[in-house]
Amino acid sequence: MSALLEVRGLTKRFGGLTAVHDLDFEVREGEILGVIGPNGAGKSTTFNLIAGTYAATAGDVRFAGEPILGLAPHRIAARGVMRTFQHNRPFAGMPVIDNVLVGAHTRFGATLWSVVLGRSRAEESRRRERAAELVQFVGLGELARADVTTLSFGQGRLLEIARALAGEPRLILFDEPAAGLTPAECARLAGVIRGIAARGIAVLLVEHDMHFLLPLAHRVVVLNFGAKIADGLPAEVRTHPAVMDAYLGSHAAH
Amino acid sequence: MKSENPLALRATPLIRGAGAFIVLAGAAFFMGDYHNDVYRKLLLWVTLALGYNFLFGVCGQVAFSHFAFYGIGAYSIVIFLFQLHLPFPLAAICGIALCIVFALAVAIPSTRLEGFYLALVTLALGQLFIVVLNEGGTVTGGTGGIANYRLPEIYGLRLRGPWYTAVIALLVVATYAVLVRLDRSGFGRACRAVRDNPEAAAAMGVDVARTKVIAFTLTSVLAGIGGMVYAFVDNTVNPPIFGIENAFLLLFMVIVGGAGRHAGAVIGAVLLFLLPFWLSPLVGHHHALVFGVLVVAAILLEPRGLIGIYDRVADRYKGSPSR
Amino acid sequence: MQDFFELAVGAAASGCVYGLIGLAYLLIIRPTGIINFAVGEWAMLAAFGGYVTLTKYEWPYPVGMAVVLGLMFVVGWATERVVVRRLVEGGAPLLAPILALLGMLVVFRESISVTFPPDPHPVPDAFGIGRLELGPIGGTYQSFFTIVTALGVFIGAWLFFERTVAGKAFEAVALNRRAAALMGIDLTRVTALSFGAGAVVAGLGGLLVAPNISAHYLMGVPLAIQGFTALVIGGVGRVAGPLLGGLLLALAEQLTVRYAPVPAGYAQGVPLVLLMVFLLLRPTGLLKAKV
């Protein structure tokens, strides 16, 4: 299977500091690729470079063969790459279902004229049904009409995911989705992510917590000090000497 | 929406709109001239408030240029009709085109800056507009403005008195219909997303800058059209009407009524428009003091405005959260 | 060129007043991020205070000035306490206090409009009417007094921020509220003081300009715009910013009135055009912030 996302030579320098150096990896369809590393390894920076929040110093990122590096975030989303945020960012002025509908923004065909003339109502109700399905899929079923400010942290996390899925992505980028969740919520999250990959969507999962990631990912890339130190199956990576070195060195953080 | 009687009229939006129009326009025929005049201005304020509410409440953009566009519409139709002697449809189209040009000129550079910059630029623009009007010599009539004109016959129709009020009623209903549709659509959601969290909106595929520009231009054009209609209400246009005092008042109306809700805009406009009439025995023409106090009270006590208070009361009555 | 020097002092004095208003904005914006448009009305209140104490009751100038500025501090502190504190501590978005202060702008203005008749109220000069000639440059006593006083305030503000511990606390809050709070800085106290100080500075501006234009309840908004333009031109990152911006603005106004081939009324447009130009092209102002 060919790679859906190809990262080649990705480099980011902030002034004198090299946050990410010459990264190479790829993500295939239906695959869960985990990106792990100790704090400060450059995981966030890598994530933000791919998602379009930061401009890269050098390198190339291709999605489905087309370069996306340097595109504005909304164009990246239109191409079929959706993301979640580590610190939940819901749209506080709308109920849950409308939040999910914003995720589907790029899939709506209606122009302003058709809206004004009242012609887009059929599409709107179709989208609403799809959004309701997604809300069910992530496990927020009863809360579709709820005010997002009433959601718990874990529920807000699930909303992030439903919203990203609404964009009908071929690739989803997860930014430390397990952060701040209880063990039960983590287990539910893992189930949802597996379900997403099973639908054929590629998943790039940046995560700090090895215990959550290793059982879940199909392949793992390990970063340390901005460079890739290991790349392979979770079992291989778990016992890789460089990886153990990197983590034992900062084990106090766990 | 099923009704028992298969022959009964279903309340489609068109029917409801027509009904509202008939009621609003019909009322004009039962009023004398003075009340008609007040009523027309009330309807125009409601139109402005609905548009401003969409820009401020739904899209989250603070702007003080709404009355400047109202003025651009008003002055331009008068100048195009009576100084350049253009036929009415062309004059109207030129007026709208002028509004679009100015709106884009302001919105496109401002949207790439952070939130409040648009407010500042539009504040300056609003003031500059007044300076230009005052110094405009024979074109704008200077500080006295332009007067002594009448709405020409349009396709043989002479719209006078309550018939003109009906035109304004049509404007209100049409504005409401358009804005409600936009609000409930993907565009309205995109506007709210931009208001609530622009970074997340972008990540979801919303072109933030474009959404802001469209919302600003659209509502500014609506204000301009309102201005064109206004020009024939008093048959005079002069600078003070289009100043920032009224821009502040519009903002206050929307905040007190309830930003983000069409009903809030209507309530705020009606209340703050009628308040001076009721308060004048108490505070003379210093009603602005009351407005200022109301706005501060609203922001401190019930930021969702009067509609928010209504919701809270309705919730307690029904026992379930509404909206 | 001769008349340029004649105008220079007057323009510099105007520029200093704009600078003071700009400084009032800066003192509040830096620690809180709040743009307080009511500073123009504060200037207006002080001008009326000057009318009452100096014209009506004919107190000696220093006494009247001290009383008015003291009262302005209370007004500023009270504004923060009543209108702003609840919003900031309740975590409301920044827009909320800004709009509430817009409401207060109207409240302040209308309060004066209700209390006093609508005609302009005279406020006396500090040293009486007279001119001082220093070589080619000449100006009224009031102009020189304005310049000297404003310079004193700016130097004092600069010393405060650069040299005192309290000033460093202000800077810390400006850079990062959360971190400052964690370091033990009392955010409420800083905010309250910034509002009080802002009111005093704006009030001083109002008092200094009032002899030229008389106290009038509509004088607030134009000053608010000129002060804000001064701030945007000069930059909000440095204390000297508003002063530089104010002087440049005053210079631009004078040059426009004197030499531009447009009717005199367009002078009012100068701060507006400059404001728009700077906002769109160089929003951070001319002076670069430190750091």
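Labels A, B and C are assigned to the chains in the order they are written; within every chain, residues are numbered from 1.
The rule is simple: contacts are C-beta pairs under 8 Å (C-beta built on N, C-alpha and C of every residue); 3 or more make two chains touch, one makes a residue touch a chain.
Computed from a predicted model, the values in this text were never measured in an experiment.
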{"item": "Label of the chain whose CA centroid is most distant from the centroid of chain A", "value": "C"}
{"item": "Closest chain to the centre of mass proxy, which here is the mean CA position", "value": "B"}
{"item": "Where chain B and chain C are represented by their mean Cα positions, the distance between them in whole Å", "value": "33"}
{"item": "Centre-to-centre distance between chain C and chain A (centres being mean Cα positions), rounded to whole Å", "value": "49"}
{"item": "For chain A paired with chain B, centre-to-centre distance based on mean C-alpha positions, whole Å", "value": "41"}
{"item": "Complex contact set, residues of chain B against chain C", "value": "62, 109-110, 113, 115-117, 120-121, 123-125, 127-128, 131-132, 134-135, 137, 244, 248, 251-252, 255, 283, 286, 288-289, 291-296, 299-300, 303"}
{"item": "Partner chain A, residues of chain B touching it in the complex", "value": "13, 178, 181-182, 184-187, 189-190, 192-193, 195-197, 199-208, 214, 260, 321"}
{"item": "Complex contact set, residues of chain C against chain B", "value": "35, 83, 86-87, 92, 94-96, 98-100, 102-107, 109-111, 113-114, 221, 225, 228, 232, 262-263, 265-266, 268-269, 272-273, 275-276, 279-280, 283"}
{"item": "Touch list for chain A against partner chain B, complex", "value": "51, 53, 72-74, 77-78, 82-83, 85, 89-94, 98, 101-106, 108, 110, 112, 115-116, 118, 120, 124, 127, 147, 163-164, 167"}
